[in-house]
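Below, subunit A partners subunit B and then partners subunit C, in two separate complexes.
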Partner chain A sequence: MIQFNAYKMLQTADGELPLDVSLTVEKGQFIAIYGNSGAGKTTILRILAGLTEAENVYIKVGNEVWDDSQKKYHLSVQKRSIGFVFQDFALFPNLTVRENLEFALPKNDVTEIVSELIDLMELQSLQNSKPHQLSGGQKQRVALARAIVRKPELLLLDEPLSALDDEMRFKLQDYILKIHQKYQLTTLMITHSIAEIFKLSDKVVVLDKGKIIKEGTPDTVFAAQKISSKFQLTGEIISIIKSDIVYIVQVSSGNSIIKVVATEDEIKDFKIGQKVLVASKAFNPIIQILS
Partner chain B sequence: MNILNGNISQVQSHEGLSLVRVQSKDVAFSAIVLDTPETSDYLKTGNEVRIIFKETEVMISKDLNPNISIQNKLLCRIESIENGAILSQINLMHDQQAIKSIITRNACEQLDLKENDTVLALIKTNEVSLSAHD
Partner chain C sequence: MINLEPLWLTAKLALITTIILFVVAIPLCYWLSYSKFRFKAFIEALISLPLVLPPSVLGFYLLIALSPENAFGKFLSDYFYLRLVFTFQGLILASVLYSLPFMVNPVLSGLKNLPAGLQEASFTLGKSRLKTLTKILLPNIRTSILTGIIMTFAHTIGEFGVVLMVGGSIPEETKVVSIAIYEEVESMNYQSANVYAGILFAFSFSVLLAVHLINNKSRKTTLY
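Then we have the complex of A and B:
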């Protein structure tokens, strides 16, 4: 189990903002952190990693205390069992893929895990390539593999897939899930994609202006309106088009785009890019067998 | 969306389906949902819920006492009508409660609907969603 309590005054474009977060994570859980930019998401991961100091902080991972500001105790980054992947993770440009992974190993450690990860992440054909020869998705695959070479307790992912196109994103999500399960990691991932949260996480934490405003399973957090309708999906509004006296609202959800009729009053509150819940009664949809 | 507030007055469940009666002022609404009191906390007599149904699911009858299977009937006055090329939006008032209906313009013309007409708004039981108050 991970206990995390932190208080830190953040300097933002809008002035000072107190980050005040208390979080408990069970071992093996996959936690998504969701919220507007500037809410403090990255700072939480950095405090966990020991890269950023906080005024008040207490972190306990399993039986080991990583931070206790009251006792002025701070475990250095190098001693924390973490793997970290950012949006644009820098690989060592002069080392091959395999060497990049080996470099992350503790000295004198066996290289078995490197071969295992190369197999698991399907990097066999790329293992002797240099980073500049790789695509964005391939680089992130290597970065992910490198982050878990030391089999960390904690995997911290800061929007690792946001620079990738959808197809690559879906693939990488599968890899992340695979390593999370195989190495029984506890994973915290910052993401803006609700579809990603539903696919990967057991629990989602919604952060706003430095505070946790909601947490729970993706179902309870994003379907918080608790409507009885059984035909539900969450997505993003991608267009609103007037059609006679009504409006056609297009919503993108996962790989599909659906259309919903809305009235003029309703669309006043809608905007492009807004996250929405689409619901219909279970009595309406028709099921057809695909041949 | 049409949204009305009410309180659950009765829940009748069988094999995962529940027929829920919700009292909203003088109207007893009925809704059929795929929840039961065992699976959903909100299905309790007395609980406050919101009754939700789409404008396009509201039928209009000029016959004020039709012999019809539809369970939810609200006596309304037509406040205004907005005509499109294909659709018409009928803005209705039941007591103090505004309800909207979207029907085809053809239907609107066939019924010769006009402002201040008294009509019956009809909503099928399986078109009514319930949402628990938080």
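Then we have the complex of A and C:
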């Protein structure tokens, strides 16, 4: 079990923002951290990893204390059993894919796990390439594999899939799930995608302005949007156009653009760029298999 | 025919200075790029001072400080039997101080331009600072290091003011090429001055050419 309490004053573009979070995670859980940018999501992972210090912090993983600011105790980054996947991958440009993984090996450890991970992540044909020759999805797989080489207790993923296209995202979600289960990790992942949360996580933590405003299973957390609907999508308003007496609101969701009719009263609350939920009831969905 | 001794002395001085500066600059730059020391700007300004200070000023202060007539010079000569004024050892010390920014600046800017994530990623993989520095950071700034080495070597070859002040012109001890040229001209010996000058000219140009070739090539192949 992981116990995490932290208080830290964050310097943001809108001035100071106190991050005040306490969180308990069971061993083997997959936790998604969801929230606006600037809410302090990355800082939580960095405090957990020991990369960022907090004014007030207590972290206990299993029976081991990692941070206790009252006793002025701080376990160094190197001694924490973590795998961290950075948003920009942070692969070492001077090393090949295989060397990047081998670098992570503890002293005198055998290279068996490296070969195993290369097979698991399907990196065989890329193992002698340098990071600058790889695509975004390939880099991501290397970063993920590298984070696992030490067989950490805790896997920390900082928006690992945000820079990838949908197809790549789906594939990598499968890789992440595979690794989480195979190595019995406890995983914390920052994500902006609700679909991803439903697919991967057991528990979701919603963060807003440095505070946890909701936590629970994805079903309960996102059930707030309980419109009696059979069909719902999330998206972003990209335009509002007047057409005769009504307005056409265009919402971009995934790869498609949905046009919705709205009245003048309704559009008062709408702004371009707003995140919205599009729901439909009188509707009989048809499912077709894509070849 | 010209005397080859000044050429040999110059090369020896440049080589030793470069080696000492390389050893000094790496830890210094690492410290400067990652520490949160309050008076860091003060140290950085001090390191860059030789870039703007007239060499004769630096030479003058060194001459005063190292002279056995004064406290520091007396201390060195009493306890270490070391005399640094008008000796080759003194020239090395003066060159190290004078060329310091030429080694430190490229290496420092190389380190500062590396994404912070590289060092952090290495730490999260359980690697120490030393291992991170030698296996990750330094290999990724090898162009900057090479530039620093070449520039330091070339700059030391071209020294005049500091050398003249601290070393004077003692044959086979402190008479380097730039001083030899000056002396040949003073004694109206233009022929020899011309040969020395030509050698320095060709050398300096090739060095700069090498630096630019390396930089252009590295821009195509490496990242930092």
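The rule is simple: the second predicted complex is superposed on the first by the 224 of 291 C-alpha atoms of A that agree within 3 Å, B and C clash if a C-alpha of one lies under 4 Å from a C-alpha of the other, contacts with A are read in each partner's own complex, and residues count from 1 in each chain.
One rule holds in what follows: a residue touches a chain if its C-beta (ideal position, glycine included) is under 8 Å from a C-beta of that chain, and two chains touch if they have at least 3 such contacts.
These numbers come from a predicted model, not from an experiment.
Peer 1: Looking at A:Ala279, would you say it contacts subunit B, subunit C, both, or neither? Reply first, second, both or neither.
Peer 2: first
Peer 1: Quick one: classify A:Ala104 as touching subunit B (first), subunit C (second), both or neither.
Peer 2: second
Peer 1: With the two complexes superposed on chain A, say which partner A:Glu266 touches: subunit B (first), subunit C (second), both, or neither.
Peer 2: After superposing on A, A:Glu266 lies in contact with subunit B but is clear of subunit C.
Peer 1: Is A:Ile245 touching the first partner subunit B, the second partner subunit C, both, or neither of them?
Peer 2: In the superposition, A:Ile245 contacts subunit B only.
Peer 1: Going by the touch definition up top, name the partner, subunit B or subunit C, that contacts more of subunit A.
Peer 2: More residues of subunit A are touched by C.
Peer 1: Counting only touches as set out at the top, which of subunit B and subunit C does A:Asn94 meet: first, second, both, neither?
Peer 2: second
Peer 1: Once the shared chain is lined up, is A:Arg150 touching subunit B (first), subunit C (second), both, or neither of them?
Peer 2: second
Peer 1: Quick check for you: in the superposed arrangement, does A:Val77 touch first (subunit B), second (subunit C), both or neither?
Peer 2: After superposing on A, A:Val77 lies in contact with subunit C but is clear of subunit B.
Peer 1: In the superposed arrangement, which partner chain does A:Ile289 touch: subunit B (first), subunit C (second), both, or neither?
Peer 2: In the superposition, A:Ile289 contacts neither subunit B nor subunit C.
Peer 1: Overlap of the subunit B and subunit C footprints on subunit A, residue-wise?
Peer 2: none
Peer 1: Which positions of subunit C touch subunit A when the two form their complex?
Peer 2: Listed in rising order, the residues of subunit C that touch subunit A are 115, 117-118, 120-128, 135-136, 139-140, 222-224.
Peer 1: Can you list the residues on subunit B that touch subunit A in the complex?
Peer 2: Result: residues 1, 31-35, 40, 42, 52, 54-56, 82-89, 100, 102, 126-127, 129-132, 134 of subunit B touch subunit A.
Peer 1: Which bits of subunit A are touching subunit C when the two form their complex?
Peer 2: Of all residues in subunit A, those touching subunit C are 49, 51, 77-80, 82-84, 86, 88-94, 103-104, 106, 132, 146-147, 149-150.
Peer 1: What does subunit A use to touch subunit B in their complex?
Peer 2: Within the complex, subunit A contacts subunit B at residues 224-230, 244-246, 261, 263, 266, 279, 281-283.
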